[in-house]
Structures are given as C-alpha cells and as structure tokens.
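These are the structures, in structure tokens.
Look at the two complexes coming up: chain A is in both, with chain B in one and chain C in the other.
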Partner chain A sequence: MDAQQNMLEIKDLTVEYVVDDEVVHAATEVNITIPAGKTFGLVGETGAGKTTTALSILNLVPTPAGRIVSGEVLVKGQDVLEASPKQLRAMRGNQVAMVFQDPMTSLNPIKTVGEQIAEGVRIHRGVSDKEALGQAKKLLEMVGIPGGRMSEYPHQFSGGMKQRVVIAMALACDPDLLIADEPTTALDVTIQAQVLKLIRELKESSRMAMLMITHDLGIVAQVCDSVGIMYAGRIVECGTLADIFDDLRHPYTRGLFDSLPDIENRRAELKPIPGLIPDPVDLPPGCAFHPRCSYARPECSRDLPPTRWLSDTHHVSCHLYKDTAENMLSA
Partner chain B sequence: MGQILLEVKNLKKYFHVAAGTLHAVDDVSFSIEEGRTLGIVGESGCGKTTMGRTILRLIEPTSGEVFFKGKDIGKLSASEMRFMRREMQIIFQDPFSSLNPRKTIAETIEEPILLANLIEDRDARFMRVLELMDTVGLAHRLINTYPHELDGGRRQRIGIARALAMNPKFIVCDEPVSSLDVSIQAQILNLMKTIQRDMGITYMFITHDLSVVNHFSDDIAVMYLGRLVEKAPSEALFEKPLHPYTEALLSAIPVPRIHNRNQRIMLKGELTSPINPEPVCRFAARCNQCMDVCTKVEPPLIEARPNHFVACHLHAAIS
Partner chain C sequence: MEATSTAGRAGAPPAAPPPRAFTTKKEFYAQFKKKSIAHELWLRFLKNRTAVAGLIIFSVIAIVAITAPWIADYDAVVTKIDIAARLQPPSASHWFGTDELGRDILARIVHGAQVSLLIGITAIFVSLAVGLVLGGAAGYYGGKTDSIIMRAMDVFLCLPDVLLALAIIAAFGNTKLNLIIAIGLSFSPKFSRVVRAAVMSVRDNEYVEAARSIGARDHRIIARHVLPNCIGPIIVQVTLYVANAILTIAALSFIGLGIQPPTPEWGNMLASGRTFMRDFPHIVVAPGLAIFFTILALNLLGDGLRDTLDPRLKH
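Our next item is the complex of A and B:
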C-alpha cells in the first residue's frame, strides 16, 4: 500500500567512536521505521545515542573518530550509506532536512533570513534567485512570520522566531523526512507550545515523516505517533504512543516516567532511577541497565536481553519478558 | 503561620542600557516563612535570576528593602554582610561553570569553611567535609577528584554541599536542576527536600519548569517582565490560576500523558521589551482577555482571595 511507504528504515545500525584507543559504543543494533506522514519520537538521556543515530541518517557521523560499523539506512528505499558524496549532497537539505536544538548557531549571522531560506531552494530546485526569494517569503509566512521580515538578519529575531526560520529552511524543499533534534529545548514554554503547534499542523498537511529527538516525554505525547526509548546506545523499548504511555514494560521506561513530577499530584514522591548512566566506553556486561535496575536477575549481568515482540507494534528488550508477554513490572 | 524569615519590599533593580532603562525587577514585594519553599517562575528575561541575586546583595538593588530575620540587609556594612551571607547561600544553575576546575572536591567544599574561619582544626575540618559529602550523597572515594571527572548530577551535589557548609538558614536555588537529565533531576530534587526536612532550611526556588516548581514549592510567585503578577499557595495556583498569563503558562506545560489532555491556551507573540516599559499592564499585548483599561493603567498586586495575590484588572474589578 502506497500510503504505508516507509520514508525511513534504519536496520541494525551500529556506530562507534574511537577516542584515545578506546571504543565508544554510541549506537548499537538500532532499528527504526517511519512511514510517510508519521512522527517517531526517539527518547533518552544525555549520551544515549540519539543524536548519533540521527547523524547516521545523512551519513554525517564525524570522521575519523566516528565509524558506522554495520547496518543499513534507507531513505525512501535508497541506501544512504552506499550513496556517493554527490548523491548525498543532493539528498541533504532536499529529501532529508534537519532542525537542530540551538537556532542561534544554525543560522548565518551575516545573511538575511530570506537569503538563507532561498539558498536551499535555489540549489536543489535550480530556480532563479527571484523565484527562490519569492518561495522563501511564502515559507516564512507559513511558519507565522510576516513576509516583510525576510530582509532582516538573525539577530533581529527572538529565539522562537529564529527556530521558526530554521524550520522554514528545513521545509524549503518539501522534504520526505524531517529530523528534529530537540527543536524546542532552548525555547520558553509558551513559545515551545507555539512551535509544537506549528509542527503538528505541518504534519497534518503533508506526507512528510519526522524523527523527533527529545528527552521530554511531554513533547512526545503531543506530537509523536510512536516512540523508541534509548538507553546506552540501544533501543530498549519501542511501540506506539498507547503502547508506551499505557502499557510500558521496560524497567527503564518506567524509571523515566517515575522521575517526572506529576502535575496533578504534587505530593507524589519522585522515584529517581538510582545510580548513573554507564560510561559508553565501559558498558556493563549483559543488559547495560542492570546495575540500576530493581528487577535485575542473575542472567541480566551475563546475557544480552532478547528482544520480544509483544504485538505488531510493541517490542521490549528485557530478560523479564524472555518467557512471557505478561507485564512483569509491579504496580 | 510560621515566622517570616525573608521579607522583600518594593524591590527594584534597573539597568541602564544604550536603549534606555531596563526594568529587570520592578517593584516586587513578598515574604517567605521559615522552613518553606517559595518557587519563582517565569520565562527567560522576566527578572527571576536578577531578583535572586539582588536579594542576596550580589547585585545592589536600585531601591527597595530586603529584611532577613527582621534586619534590613541593605543597611549592613560589607563586613556585616559577609557575616550574614553565611546564613544566605546560593546554588547555581550550571554546575559546569560554577566550580573551580583546578580544585578537588575536598578543596571546593572546604573553601567556604576556611574563608569563614568556621573550623580551625585541620582534622576537624576534614571530618566536616566528609560529613557534608555524606549529606549530599557523594562517595568518599571521590574526595580527590576534579570537577571534569564528574557528571552534572555529582557536580550539582558539590554545589549543594558547598552551600550547606555554612549551615545556612536560607538558600536561593537558581535553576538547580535544569541542566540535568530527568533521572538525575529527580535524585537532586529528593536530596534537596530531605535536606530541607532535616535542617529546616528555607528555599527560594527559581525555575522555568512548572512541573518541577509545583512538586517542590509550597508557594509560587509568577513573574512577567520584572513584575510579580501572581502569588499563591501551589495548590491554589495550579487549581485556579487568576492571571491570564499564569493560565496560559500552565496550559502550555507538555504533560506526559496521552488521555484527557486539557485544551491549550495559545499566547500570541512573545515577550515584549523590558526597556522603558509604559505604565500599563505589561502582558496586555499578548493577553486574550485584554480590556480597555489594561492598556491605560498598570494593575496593582491585590489579595483577590485569602493568600492569593494577583495583579490583573480582571480581578481588581471583582474585589
């Protein structure tokens, strides 16, 4: 079925960095599939491997330290990792666009925002300068900025406006896939609400697929269709919004939710996950989460947990579910 | 009602900038009772950090008074103030830039004790450092490590230990958990609560994170462009916010659940400039309930319900 065409398929992706002769396991056997028109939320804490996964999609992992060890990345069926530099250039900013966390550093301070948006259109669409600028004006208006401001410079815009400009740039060539790396983390909460609303509206009006990287489960609940929870380079649980928010299975996913203050019950005690995120140079054997896990069993420190599919959409990698699909977390 | 520990009266801090006068903190008054936590919330640029620092006299106020244990600290001499600061400490947002990279954990925690000449005996001082490390949950084996060897959560624990070294009564916490991951954030928040319970410390907790402030504070004050626009006990503020800005702010919180989500109130526009503000309601331009009077007269802070203060013409009319 064409409507179910996969815009992005990541298959068994493993990425390492070699730093001072030590191997950093940044992403290990990552699998992500995003159909057209859907948004996938990749959630995890600092150093979980979210950004490394995103950079691999455009083959942007910094070399020589970084190395894609194995796996496949298919954008609309085309293998990115096998693509020539020329093919990649044609893809970046065109078929696949990226929005970074910090709008201040992703804009050129000495070019007007109009020129910056028009640049991608001119290069990828091969249109005249005038046409490209006209297109830029339309894009600015689409993200809620008056077209008359296109001849202004980034410093004349506030943080929220700059992030809108960056989004307009990303959308300039009507991408099949938008990668958004913490797009609202640097923004205030009322501005964040505006930008998230914009993202939701854009999603509804196009077939674009989106990979949303975030540490905020509240944002996931608002804009994503499915979620992957990443810990120490691996996706430990993955499913639809309902799978994760109503029927989560992995002790780490539970820990993430329990660490958040409950807005409706301010007296509820926070239950932090004990301990710290492991050093990716020196991951614990077996399940990387076992030293912090209150459900840990002897096999957890020995064997890698198997991935169990609980339904067509929901899978979890945890020894608790080796023999059963029953929810093993105590209430 | 407990004893009032800190009272702020008509506090103002203006900065002179090229474009005019920036009203960072504009005529703010409130008090905090001993052993309680007042949360200060607002978006970037609303003056919350400047207010925290002005209260500790790390920045001198333009006008207004701050009473600590009944004493006007604005009138204290430099040496008296230094003495008073033992009881008034601060925890900074960024545990990466607030620690000296060339000092070990032990030296960092010991420094304030040395400077204040609190404990002269070297061994006793060392015991005190170990005791403080226990209090904040730092393993003794870390005693000779440097900040760069530690993660953000542990660095923030050092910041807390350093603040506690003086046995303070009052701590200004300026976004103490915003740079931390959620699982670590919860650890630090729980630690700060335990410390408050055990030592009877009063906190002023500055943050932009509304879920955190609701969980952590007894009372909440909302700031907008240098003004205090609403102050109430946390339950009352979250249940029935009176100011349209507070209402919008609360509805903008991304709640991590997928059922029964409330309708969001979208604010138009962004913060206006705090430079040379007109004497009208500063929120009027973004307010969805703006009336004629709002663009003409600045609303005063009034007690609209018992203990619930708001600066908004909608409620001035009612009372």
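Our next item is the complex of A and C:
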C-alpha cells in the first residue's frame, strides 16, 4: 500500500481551544491513516476530541476559539491545513464530505430536501439547477427515499429518513472520504440498523474511505476495518478490528468493553469505568487515564506513556507495555 | 422547484395527465402537506383579533392609496384652489370639509396616503437592505467585524431619527428621493441590530456548518441558509418601522423639510391647517386621524405578526 492510496493521513495533529484564557486540549498528537475503500472507527467518550479531529479534516475547527497548533492533515496527499480558502471550498463536499450527528438540526428547515441535496452538486459540478435537482432525485432514491418526495421539507420526514437525506447530501459529489460524526446517535435502534445497512452497502459499492466517529462499539464491529480508541484528546490504542476486539491491550479499551452488557450472561453486573473523563483544561500529568486506571503504576502519574507498536497494525500507549509486548491485561 | 414525477405507482392511469393533475394519492396529499406551515401560521394569525383588525385597516388604507388617482383627480381636485369655498365644514359635497385654500380635504388625505405609504415603505426597504448586509455580516462573522460595524451603528443610534434625517435633507435638499434615503439611513442602525441578533441565533445551527462542509461560500451561506431563517423577526420589525417612518415623514413635513405644498402630505396639511385650528378644527382632525389610524393599524399588525411568528410568546 503506497502513500498515494491513502485517502486520509493525519500526522501528529494537535488542536486547542482557548476559552476565557484557559486552554482546552481537544486533540493531542493524533495520527490516523485511512486507505481508499477502508473504514476507520474513532471511538471514545463524549469530549474525547473525536469531533474536533473530524472538523480539522475539513479545516472547520471553529475560530477564533479553536486553533490547530501543529500537525498535518493530508487528503489524497494535499495538506488541508495549508490550503487556500478556494482550495478548501473545492475540497469540502467534493473530496471530503461530512454527515453530522443530529439530522434534526443539520437540515435547513425552510428549504426542500431536494434543494439541499442539489446545493452541493450545483456548487461543485457547475450544472444547471434542473440538472442538479435531477441528480438530487437520483441520490434520494439511492438512499431509499422515493424521488417524488424531494419537494418536501425536512419536517415532513422522520428522523431516520432525515439522516438518509443528510447522507444523500454528503454523497452528492461522490466524495473520496466520508466523515460520519456519530451518524446514528440521535436515532432509535431500528432506524440505526437501517442507516448502518445503508452505510455498509455504500461502502461495498464504492471505493470511498470512511471515518466513522462513534461511541458504540457495536457499530464499530459492524462497519469498521480498523479502530482508534481516543481518550482525553489522544489515541491510546489503535489497530485493526481483530486487534482491538480480540487482543485489546489498553486498560481503557478494556474498560469500554467491560461496560457493555453481555448478552450471554444477562445477570452479570455492568462494570463501568470508575470516575469521569478529566477536565480537558486541566489534564492529569502523565497518562491522562491514570486516576481511573486499576493498573496504574507510580510512573503513570509522572511520565507520558510511550507508544509501542505490537504489530504492523496495532499500537498502544500505556506504561504496561514499556518493556514487553505481552498482554498484561489477561490476568 | 422541480415538478414531481407523474409516473406514479403501479395501477395509476397510463394516459398523460393534464397539468396540475395528481396521478397518485401520495402526490395528491403532498400538495396539502406543503402548505401546512404557512397555513398553520395563517390560522394562528387569524385567532389574533386585534392583529386581523390591524390588517384590515391597513389594507383599506393601502387600497385607497393605490386607487387615489381614480378617487380624486390630482389637478382638477387635489391642488385646485377655490378661495370662495375655503374653510367649509364637512358636508355632502366635501366629506371632510375644505382647507384654507378651498381644496377638498378628503381628496388631499387620499393622495397624502399614497405619498406617505410609498415613501415610508421604500425608505424601510432601503434600511432593510443596509441592515441585512451590515447586520448579516456582523452577526455571521462576529469578533472584530461585529465590533467595528456595531460600534459605528451605535454612533448613529445616539442621534434621534428625525435629527439624522433632518441633517441629511438639510445637506442634500428635500426631494422625495433624498427623503427616502434620509429616512432609510436613519432607520438602518435599528435594522442592523435586529438582523444581527437574528443571525447570531441561527448561525450556530448545524445546517449552517453542514453548508460550510459542502464547500459553500460565506455569502451563499448567509443569503441562502442564514437570512431566510431570520425572516420572522425581520418581518415584524419591517411592519413596525414602516409606521415609524410614516411618522417621521409627517414630522419632517410639518416642520417644512419633508414633502412641500402643494403636494398633499399629512404632515404638511397639519402644518398649514394649524393657524385655523381654533376656529375650524376639522382642518387638522382629518389628517390627524389619518396618521393615527395608519400607525395604529401597522402597530397592531406588527404585534400580531410577532405573536404569530415567535413561538416563544405563544400562550
């Protein structure tokens, strides 16, 4: 796999927000690589920096509060953070498209869904209004909504259908990379299943790369090829689906899996991770997870854990693996 | 909006349907659905009796203003001086009586409505245009842009409307166009504030970010996504400020800087009639009532629209 085939490469990305003279460390030294046709799942609790990472791919981190401190974001080899406003506009929607979290608020209430889908086509393809609307109709049918409904307004659709419309908007210009920011969080489970099925179908029918942001490991198992676990702005463990699901190494990853209900043993109590995600303004020194970690050692509160590559695909940042590649959690 | 497909579902009649015919039940019902928001708002508006009264009074005044040339001929009646018939009280031939030069007051009121409404409404559209651009930019960009624009607007807000308009007219002469520009500019700071506040409440919506994420330019986002969603408060302010603008025109005309006689205007009718007010009160009552009812109607209408369009005030 040569570098040219990587749709997205994020290298050492650090993003901060400055709010009332306090610095919020939203994302720190994040590295993500997504090859064409693959899906990367970014998993973490609320406030872990997932959305910030996603927004920096489009260079849409809200200013003036947000600031990209360092790092590179390469979309098909082009650095997004260095791009001119014109290049950015040409890229947004055309090469990289985003599906937002809440379909209720990500559609403009006073424009028909057809017009909203057509907007992207009109901006990037320079076609007539009529052609753009025709294209919108095809897209709507592709996501399973009758084309005749394109002249209706968002409030006339159900939540799941709205999310399909949002997906159709994102797909309007056939992007190379789709960012889905918790696309199913606001939906109920049956609709979730429909939307996930749609996403899987899209994945199979195109070579589009996808960044799937979620906090639901079930979705990751269904859709993703590789996974990054994010905690307090850092990716603490990253690997293929098999690496993470069958051979997880980081205590935080373990905690996430332990807090899922077990379908075979319904009487078992859930084991939530004790404590809360730390205040990103005032991160604990050393490993940000150490106050909640049952494996914590003295050095955890002192030094930043090193990143250890366990295989070509799997890496983990934890003091447990400083000297060994053996799984320290098996006990 | 693209016409929906007439192909329909299986079982629909295959013959080519005439235009506006609906081949499926779904399309048939869709026609009703589309109107639902506007229709619901209209029903909510109708429940507000005073607002409906305002709308009716204003419609009557507007119709009268539009049909003024047919109600009374300008040269033959409105500006025709007939000293023999001066200062007559209301009668069958002169419903509102005649003024100090023997002109029919009713005819002058009717033509005055045309002048007031035309200038008032155009002036407000001038200030709306300025307000949409400045307020839109200030609200959307925030930060320094916002500070610079709004501090400049604050400076203008310190001056009373009439004084600002007066200064502009005194400097550039009192033609109708200057009057429109003067009033338009003196009201634009207020519109900028209203538009800015509305834009700020809309700009953080996710659909604005979504528009940005598909590569739309800022001016496209402001014009097509942000401003259309601010329409409610803007309509209300337009209605209320048209009333204010009409008052300002009357005030300027009263002090002799607005519409000049012999062109009839409510303010200058009051001014020229005031010397005869003690003995012939009808001469000032008529234009006074005209101003009163116009302002009242617009205020009732504006308040009603506010209640209709702002769901937070729903009781």
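In this text, the second predicted complex is superposed on the first by the 325 of 331 C-alpha atoms of A that agree within 3 Å, B and C clash if a C-alpha of one lies under 4 Å from a C-alpha of the other, contacts with A are read in each partner's own complex, and residues count from 1 in each chain.
We take it that a residue touches a chain if its C-beta (ideal position, glycine included) is under 8 Å from a C-beta of that chain, and two chains touch if they have at least 3 such contacts.
Nothing here was measured: the structure is a model prediction, and the numbers come from that model.
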- [ ] Label the relationship between chain B and chain C on chain A in the superposed model as either fit or clash.
- [x] fit
- [ ] In the overlay, answer first, second, both or neither for which of chain B and chain C A:L202 touches.
- [x] neither
Task: Angle at chain A between chain B and chain C, C-alpha centres, nearest 10 degrees - done: 80
- [ ] Name the contact category of A:A296: first (chain B only), second (chain C only), both, or neither.
- [x] neither
Open item on the list: According to the stated criteria, A:N94 is in contact with first (chain B), second (chain C), both, or neither; which is it?
Closed with: second
- [ ] For A:L60, select first, second, both or neither according to whether it touches chain B, chain C, the two together, or no partner.
- [x] second
Open item on the list: By the touch definition at the top of the document, which applies to A:M142: first (chain B), second (chain C), both, or neither?
Closed with: neither
- [ ] Kindly classify A:M328 by the partners it touches after superposition: chain B alone (first), chain C alone (second), both, or neither?
- [x] neither
Task: Shortest CA-CA distance between chain B and chain C [superposed frame, angstrom] - done: 11
Task: chain B and chain C footprints on chain A, overlapping residues - done: none
Task: Residue ranges of chain A touching chain C (in the complex, touch as defined) - done: 58, 60, 64, 88-94, 97-98, 100-102, 105-112, 114-115, 119-120, 123-124, 130, 133-134, 137, 146-153, 155-156, 166, 169-170, 172-173
- [ ] Over in the complex, which chain A residues touch chain B? Could you list them?
- [x] 45-46, 158-161, 188-194, 196-197, 215-222, 241-242, 245-246, 255-263, 266, 268-274, 276-277
TODO: Within their complex, state which residues of chain C touch chain A.
DONE: 1-2, 4-5, 26-27, 30, 33-34, 37, 143, 205-207, 209-217, 220, 224-225, 228-229
Task: chain B residues touching chain A - in the complex, by the definition given at the top - done: 43-44, 151-154, 181-187, 189-190, 208, 210-212, 214-216, 234-235, 238, 248-249, 251-258, 261, 264, 266-267, 270-271
